[in-house]
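A quick write-up on the structure given underneath.
Note that the chains are named A, B, C and D in the order they appear, and that numbering of residues resets to 1 at the start of each chain.
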Amino acid sequence: MSLNTFGHLFRITTWGESHGPAIGATVDGCPPGVTLEAAMLQQWLDRRKPGTSKFTTQRREADAVEILSGVYEGQTTGTPIQMMIRNTDQRSKDYGEIAEKFRPGHADITYHLKYGIRDPRGGGRSSARETASRVAAGGVAREVLKTLAPGLSITGYMVQMGPHAINRARFDWDQIDRNPFWTPDAAAADLWAQYLDDLRKSGSSVGAVVEVVVRGAPAGLGAPVYGKLDTDLAAAMMSINAVKGVEIGEGMAAAALTGEANADEIRMGPNGPEYSSNHAGGILGGISTGQDIVVRFAVKPTSSILTPRKTVTKSGENTEIVTKGRHDPCVGIRAVPVGEAMAACVILDHLLLHRAQVGDGPRGVIG
Amino acid sequence: MSLNTFGHLFRITTWGESHGPAIGATVDGCPPGVTLEAAMLQQWLDRRKPGTSKFTTQRREADAVEILSGVYEGQTTGTPIQMMIRNTDQRSKDYGEIAEKFRPGHADITYHLKYGIRDPRGGGRSSARETASRVAAGGVAREVLKTLAPGLSITGYMVQMGPHAINRARFDWDQIDRNPFWTPDAAAADLWAQYLDDLRKSGSSVGAVVEVVVRGAPAGLGAPVYGKLDTDLAAAMMSINAVKGVEIGEGMAAAALTGEANADEIRMGPNGPEYSSNHAGGILGGISTGQDIVVRFAVKPTSSILTPRKTVTKSGENTEIVTKGRHDPCVGIRAVPVGEAMAACVILDHLLLHRAQVGDGPRGVIG
Amino acid sequence: MSLNTFGHLFRITTWGESHGPAIGATVDGCPPGVTLEAAMLQQWLDRRKPGTSKFTTQRREADAVEILSGVYEGQTTGTPIQMMIRNTDQRSKDYGEIAEKFRPGHADITYHLKYGIRDPRGGGRSSARETASRVAAGGVAREVLKTLAPGLSITGYMVQMGPHAINRARFDWDQIDRNPFWTPDAAAADLWAQYLDDLRKSGSSVGAVVEVVVRGAPAGLGAPVYGKLDTDLAAAMMSINAVKGVEIGEGMAAAALTGEANADEIRMGPNGPEYSSNHAGGILGGISTGQDIVVRFAVKPTSSILTPRKTVTKSGENTEIVTKGRHDPCVGIRAVPVGEAMAACVILDHLLLHRAQVGDGPRGVIG
Amino acid sequence: MSLNTFGHLFRITTWGESHGPAIGATVDGCPPGVTLEAAMLQQWLDRRKPGTSKFTTQRREADAVEILSGVYEGQTTGTPIQMMIRNTDQRSKDYGEIAEKFRPGHADITYHLKYGIRDPRGGGRSSARETASRVAAGGVAREVLKTLAPGLSITGYMVQMGPHAINRARFDWDQIDRNPFWTPDAAAADLWAQYLDDLRKSGSSVGAVVEVVVRGAPAGLGAPVYGKLDTDLAAAMMSINAVKGVEIGEGMAAAALTGEANADEIRMGPNGPEYSSNHAGGILGGISTGQDIVVRFAVKPTSSILTPRKTVTKSGENTEIVTKGRHDPCVGIRAVPVGEAMAACVILDHLLLHRAQVGDGPRGVIG
């Protein structure tokens, strides 16, 4: 993994700034012969696209993806796939203030301290806009997964907004696509709508927790000791803007469990081993068990808020800053398709790694 | 990062199984001219060593590290440093049962499903014994950090055992070395001692939360977008055996905060910007701010317990398993020096990455 | 190094096919604060551009490079630099024949055998057009080198065309820019002009040898044992289309020398050690000595010729093929700026690697 | 590829100095379930071992390899394989002179200039002794290749010693194992024996050319544009001590050919395409054709000779040096098994890469 590249064999390199001419992703290592058209990627980009409800930023971006290379007559050729998304809504607003003042909780100050230069327009490289490139790359991964792991599905959803968590007893997969928060708990969606609307009107923001589940993944993905599946999932999610925590299965709650409570007991089923529970989140020793792979991450609240915050200027003067403009009151909403995309990239990457080292067939059998 | 290697420029590759002839770590990319002797590494290994209190496994291992290469007349030469730790306590016990039955919650089953073969003796490659190699490598990183970042310190400690968290109001750095749990809360240490002793006697086990703090790290470490400092810290910690969750700063709790509450406000101090709080855990946009870097991880309970658990055999029969033998009732204790070691490797790696791209001097100044 | 990426820290990823919408290069790891504009890159692209003399392909491409990211107000920001070159001269010719028949000596057949699919238009990904992306990336490297190693220069030139080598006694640096072959031997240029014109008219092609010299590089670049400077130079040059051999210093001729003849004797000069000769090509043990770094590579003749050659079709029938169209009679000419570009990337990459591991200052001194 | 690691998926990391306690290689990414014992590796190490004839250094090293990890009950487990070779013949000689004076043509001076410190005993890390680790790693690769590509063979041999090349008309595969030079030309062996004996007695040394041929490799190994098979072979060979040039197929001689002469014409044979010649050395566009893969490299003469050479001391004084002691008059002889080992590693690595991206089966078919 280098600075702007993610993955071992299915490698994505993203590039571009929020208000430059374009952003994009280069995918290297894609298997050949996979049907791929821009429209297949667009569906995922449209889920992440700003301005789809009053709960996301009102910036208007078509987020139309163009495939510039690596596809011939509708099929991947095994060569690099370049995907470009032009930036269309670069309002000619004055960035003078945020070019001079650092927003507390934002990457402005660290980019400045590291590089001595930064593109302040719309957050530049640190803008959440970068995640559109991830979604495009994840769309490619999904198409490959269709051919390599036909029964596999990847679904993300919100399980907490601010202090309000969902009720797992109300979990309904079918609800996820029916509310603007991608949540499986319809009652939570109602509550959050009101809560977030109030927050939005007050110019505030709030954090969230997103969960991504991979169903139908084969056992055996991952590897000791640093190339673990959970290591790469953790890196993938933590690399998303604003993420501050990552959990696999029980996550932080595993600390409170005893060995007895944490053990996922095993019994033979008709198609191999079955488990009484899934505290492990589908991963043991860094390798998938064949159960659902469950990863969860927390997104902090957007730092761009209307309430004045104390800060300093580049020239070292104490001042205050208020961030006007179009911002997400809960950036966690749009993080859902991003988390799915990163999971798709990691799973595909590990499928390829596994195929490289061990081959296509099942290796160890039980029974 | 490949399967058994961690790091970009300061790269550690660990090797070896619990009951093979030896385990070890190869460090590549170490700066030359750094004073290094085995004794400097041994002090850290001694902290992780089993059998130092009744709260850790009674396996007796000297864990004596030998430096086989890369050091000449007490100084690193810039070439690979090979560190070997011989396995001395490989009891000639019968591993027949765990060779045939899979321990629930253990990597036995996934190694088998992936590779079709595994070394069952003492957990083989998936044994926590591997972490001794990490501690040795972390010891090298610490010696280099002494020369490259003289004021920097890295300290790990336990903040939760089972359901019992420390009281932050009682946090005392000086307590950390004074109890067998490396905890800054003396009262928690007393409580945990009783709690864990009971648990140990009943043959059970429990999870824990470990926090590692890096003080005195310069601003500017890390890089967008995948080479973030927090990405690498998350990967480093999640790669440790039994870790199920990783947090930076507020971590999962960031989800519940509003933008106002989460903002670390900035004011000019005598030596540059100062912050009113550290919700960010010292990292913004993947780059260090100069504040304390705070990373936290949850360790699940050891899967080896005396209570019978349902499982299956390699040949597919339902059965039960009880894991006798010497095991850690709370493996989180020994994870403290391991977390420190991984943090040391990540910080040094990013210091080298930063020096490569931006040079030695400060780049962006404020004021 | 992954499939389409080159470099350790200064990493270039190229993408695009000859007749797709565009080609380009993503540069990651570029130091910040370096002045960069498209015009600075264009000068190098113009040297490689087809159609500048009758000795190169008559394909007309503006090869205009656009910088899409990583530069703000004329300075690099340290984030990925995306450079795109649109393909403008994609003649709507019939590619039916080369889509069905494999050109002997061309990558058509191996792409087909590997991937089962290939973009046949203009050679697709295997087209020499890919090298324009390298030249753009090399242009970025050159601008960075201006700031990190001010006295350093990189110059490529042809030393052999077909069977006709230059006479080293006539070597004149000033001639290199004065003939269409970038050769330092004016007499050779005259000879080659006649030779190549005849060859071109007959529809044939011929190979060449290109030499690249790096003057003013500091001692200490490179590293044992696999990250050697010569290893990376060899990889860089061998990765260029049509290259079949790479030499450092004496190269293959070193085999014929005795130890006495090969020794570059050392004497103290006013500014440090000086050498009586440079058989080593400026590299000992994989590390630069401070002398001129000399690398040389052979380019095979273009496989696209007018003389019919025996081949087979995709469906397995024996047939013949004649490659009409616009092709370089001696592709070695346009390989000169490509070799320079790759050398620039390697040298910069190793400057950054050295700075990472050892720091900015001189490490070992003599005297 | 990092400093001391080679390979993408089958990764070897070598460590150790000539006169330290041991040297070795860590192999990561090895497929599981491959039969492996130390004796299988020892046979290759014995070919490289010093002191087997009067034509190699008289240093006596058993070069006995121990497998410390990654193998269980005689089978690879898929985890890192650590191979250690103890150094047994570290004569307690005085290294004072070469610690102070730099041998012309040797890495002494560049290690000093880069790192400011070096292990001078026996050349330290720059000693040809490091290549024993490569041979061990190559031995592992060979065992894996037996299972993944059963018909594949890798054979190295000398084709030139000093100015004396073999006569290709006398090429006889069966001769290679019958003379101390691993040459297929028995008459050359006789000539070289006399030539080298004279050279050895006079305390001189000479270079050589080694060729390695891979027979039976499948088509489709390699990848555009930087992960080419020839790129990696070039890097692999150039990374060997003393190598100054690498060629694929026609190599440097390709420059002198016309397109007609260079074309390997294609005809359908009973099992697919056949070629009229192999100028390409089995690689087109970076991907194997299925023909013999032919790589050749030149080794310079050992710099350790009895004739005094001018040099300088660490303190900057002009002086002379004579290198006494045990040295190879033609280090190219022992480079033969090293070249084979590196070829084995590269071929296996690309088999795994291909399996990852494209799968096990043939992809593109002809006919």
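The rule we apply is simple: a contact is a pair of C-beta atoms (placed from the backbone, for glycine too) under 8 Å apart; a residue touches a chain by one contact, two chains touch by 3 or more.
Bear in mind the structure is a predicted one, so any value in this text is a computation, not a measurement.
Visitor: If you tally the C-beta contacts for A-B and for B-D, which one comes out higher?
Guide: Counting C-beta pairs in contact for A-B and B-D gives the edge to A-B.
Visitor: Considering only mean CA positions as chain centres, point out the chain farthest from chain A.
Guide: So the farthest one, by centre of C-alpha atoms, is D.
Visitor: Whole-Å distance, chain A centre to chain D centre, using C-alpha means?
Guide: Each chain reduced to its C-alpha mean, chain A and chain D end up 45 Å apart.
Visitor: How many angstrom between the C-alpha centroids of chain B and chain A?
Guide: 26
Visitor: When the centre of a chain is set as the mean of its C-alpha atoms, what distance in Å lies between chain B and chain D?
Guide: Distance between chain centres: 38 Å.
Visitor: Among the residues of chain A, pick out those that touch two or more other chains and give their numbers.
Guide: Residues 2-5, 9, 14, 29, 32-33, 78-79, 114-117, 125, 223-224, 353, 358, 363.
Visitor: In the complex formed with chain C, which residues of chain A make contact?
Guide: Within the complex, chain A contacts chain C at residues 2-5, 9, 11, 13-17, 20-24, 26, 28-29, 32-33, 66, 68-70, 72, 75-82, 84, 114-119, 124-125.
Visitor: Which residues of chain A touch chain D in their complex?
Guide: Where chain A meets chain D, its residues are 9, 29-33, 78-79, 223-224, 352-353, 355-360, 363.
Visitor: Which residues of chain C touch chain D in the complex?
Guide: Residues 1-6, 8, 14, 102, 104-107, 109-117, 125-126, 130, 160-163, 199, 204-209, 219-228, 230-235, 237-239, 241, 244-268, 273, 276, 279-281, 283-290, 298-305, 307, 309-312, 314-318, 332, 353-354, 358, 362-367.
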